[in-house]
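In the two assemblies presented below, chain A is common to both, partnered first by chain B and then by chain C.
What follows is the complex of A and B.
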């Protein structure tokens, strides 16, 4: 696969995953369980938007068709979105939101930590910034998983429910194809299979403190990174893309 | 863990740069110290306002009362010699 085409797709996958999670986190704005968490979740959403902007801009440049980051974000349909399915899952409740951020965040953290050493300077630079943000997101989510899991009966049940429901999207976090393989060979991309052991260790440590049992087996969803999504993404996009689609010339 | 209705408050002190004093920024609700630190970071440090943050349980603060104002502070009014006003400051000194 030609490097620029592969790299474009690689960037869009990372950017889409960050952007869709950002949209979910920002849905909490004005609805947080307490003021402090309301600010925290929107703030993390803004970090994620920053990450997606960087990767979209680079993707647009690689593509060389004169499209902007906004064109890529707002004028594609759900089958063209290449995010991991876990991030499009609805907020549901606070425990669910924290579990989603935790499961995805641990991998995202490990991925950016590896990509800091990418042979592609832009990827390395964008990853350096994102790594700091993900370090914080994982810390925040971990602390909450521990407190909810080892909290009251109600909080334990809610976070356990979240884990059992979201677990089906965890194998997909590690899914790779020829896009990844060709870029791994050239030292640009990160081999996600090498991160699995450390990811397992990260989540196991937190689950032990949270008195949560890690699910075993069960159905695993696949394919988000090639455009196969759950029913939730279309609804999310209809809200996120409404304004630029209704008023394509709108500017700030 | 307590419910959000009775989470204690924590006073937040932020340091704007190394060597500068920590200054009171405001307060946050949180169930414990670690969460207070994270909340303080999100509320008072998310725009790079701080390089370091302290959180202190609000109940640990002992404050003077408005009635203390006279005896505490007014005796300073008429004693100019308590102020180092008559020293000359060397030129170019920014922080003293």
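What follows is the complex of A and C.
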């Protein structure tokens, strides 16, 4: 595969995953369980939007069609979005939101930590920045998983329920194809299979403290990174993309 | 070297540009300027000396103040008759360790607890930073509690002083 085409797709996958999670986090704005958490979730949403902007801009540059980061974010349909399916899952409740952030965040943290050494300078730079932010996000989510899991019967049941529902999207976090393989060979991308052991270790450590049992087996949903999504993404996009599609010339 | 409006006979020096940039306050924490914040990384004159390039790095990826800071730099240097270009770099990533002691003192005087030095705990997502020593900017007590790791802006966390009973913000270690 030609490097620029692969690199473009690789960046869009990272950017889409950050952007869709950002949209979900920002849905909490004004609805958080307490003011501090409301602010925290918007803050994290903002970090994620920032990360996606960096990767979209780079993707737009590689593509060379004169599109901007906004064109890529707002004028594509759901089958063209290449995010991991876990991030498009609805907020449901606070426990669910924290579990989603935690399962995805641990992998995202490990991925950026590896990409800091990417042979592509732009990816390395963007990753260095994102790594610091993901460290905060994972710490925040993991503390809540422990508090909820080792909390009351109600909080334990909610976070357990979240884990059991979201578990089906965890294998997909590690899914790779020829885009990854060709870039791994040139030292640009990160081999996700090498991160699995540490990801397991991270979540096991937190689940032990949270008195949660890690699900075993079961159905695993796949394909988000090639555009096969769950029913939730379309609804999310219809809200996220409404304004620029209804008023394409709107500017700040 | 480019010639600013201040006098066609005296070329503007790099030092003079840095001094102009030091007059631009951080839009969210106006007690310090954008140079002290560490977002201005370099000032480079163009080869034909017709303009100047200011190299900047964001604090946080999604910091909404970044655009304001870029606009402020353009406005400030353009008003001196300079042709300004801004280049954004991500590496090395901005860190609060770049802040001088003098800058940290300004933050404290403004009522924001300055960022502590980065430690092992800050860099590891599963290690707690709850027990890290944070000093109240009002009474200097270290008897303080973390309320939330996220505050009014991306760069600040919320704390409470158990000594003087004041809530306060900490400029996060980053």
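Keep in mind that, in the parts below, the second predicted complex is superposed on the first by the 252 of 252 C-alpha atoms of A that agree within 3 Å, B and C clash if a C-alpha of one lies under 4 Å from a C-alpha of the other, contacts with A are read in each partner's own complex, and residues count from 1 in each chain.
Definition applied: a residue touches a chain if its C-beta (ideal position, glycine included) is under 8 Å from a C-beta of that chain, and two chains touch if they have at least 3 such contacts.
Worth saying up front: this structure is predicted, and the values here are computed from it rather than measured.
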Touched partner set for A:59, first chain B, second chain C, both or neither: neither
Which superposed partner A:147 touches (first chain B, second chain C, both, neither): first
Most chain A residues touched (candidates chain B, chain C): C
Touched partner set for A:48, first chain B, second chain C, both or neither: second
Which superposed partner A:40 touches (first chain B, second chain C, both, neither): both
Touching partner for A:139 - first (chain B), second (chain C), both, neither: both
First, second, both or neither for A:155, with chain B first and chain C second: first
First, second, both or neither for A:125, with chain B first and chain C second: second
Shared chain A contacts, counted only where both chain B and chain C touch the same residue: 36-37, 39-40, 43, 136, 139-140, 143
Touch list for chain B against partner chain A, complex: 1, 4, 7, 28-32, 34-35, 38-39, 41-43, 46
In the complex, chain A residues that touch chain B: 33-37, 39-40, 43, 136, 139-140, 143, 147, 151-152, 155
Contact footprint of chain A on chain C as seen in their complex: 58, 60-64, 89-94, 122-129, 147-152, 154, 158, 172, 174
List of chain A residues in touch with chain C within their complex: 36-37, 39-40, 43-44, 46-51, 53-54, 105-106, 109, 121-122, 124-126, 128-140, 142-143, 202, 205-206
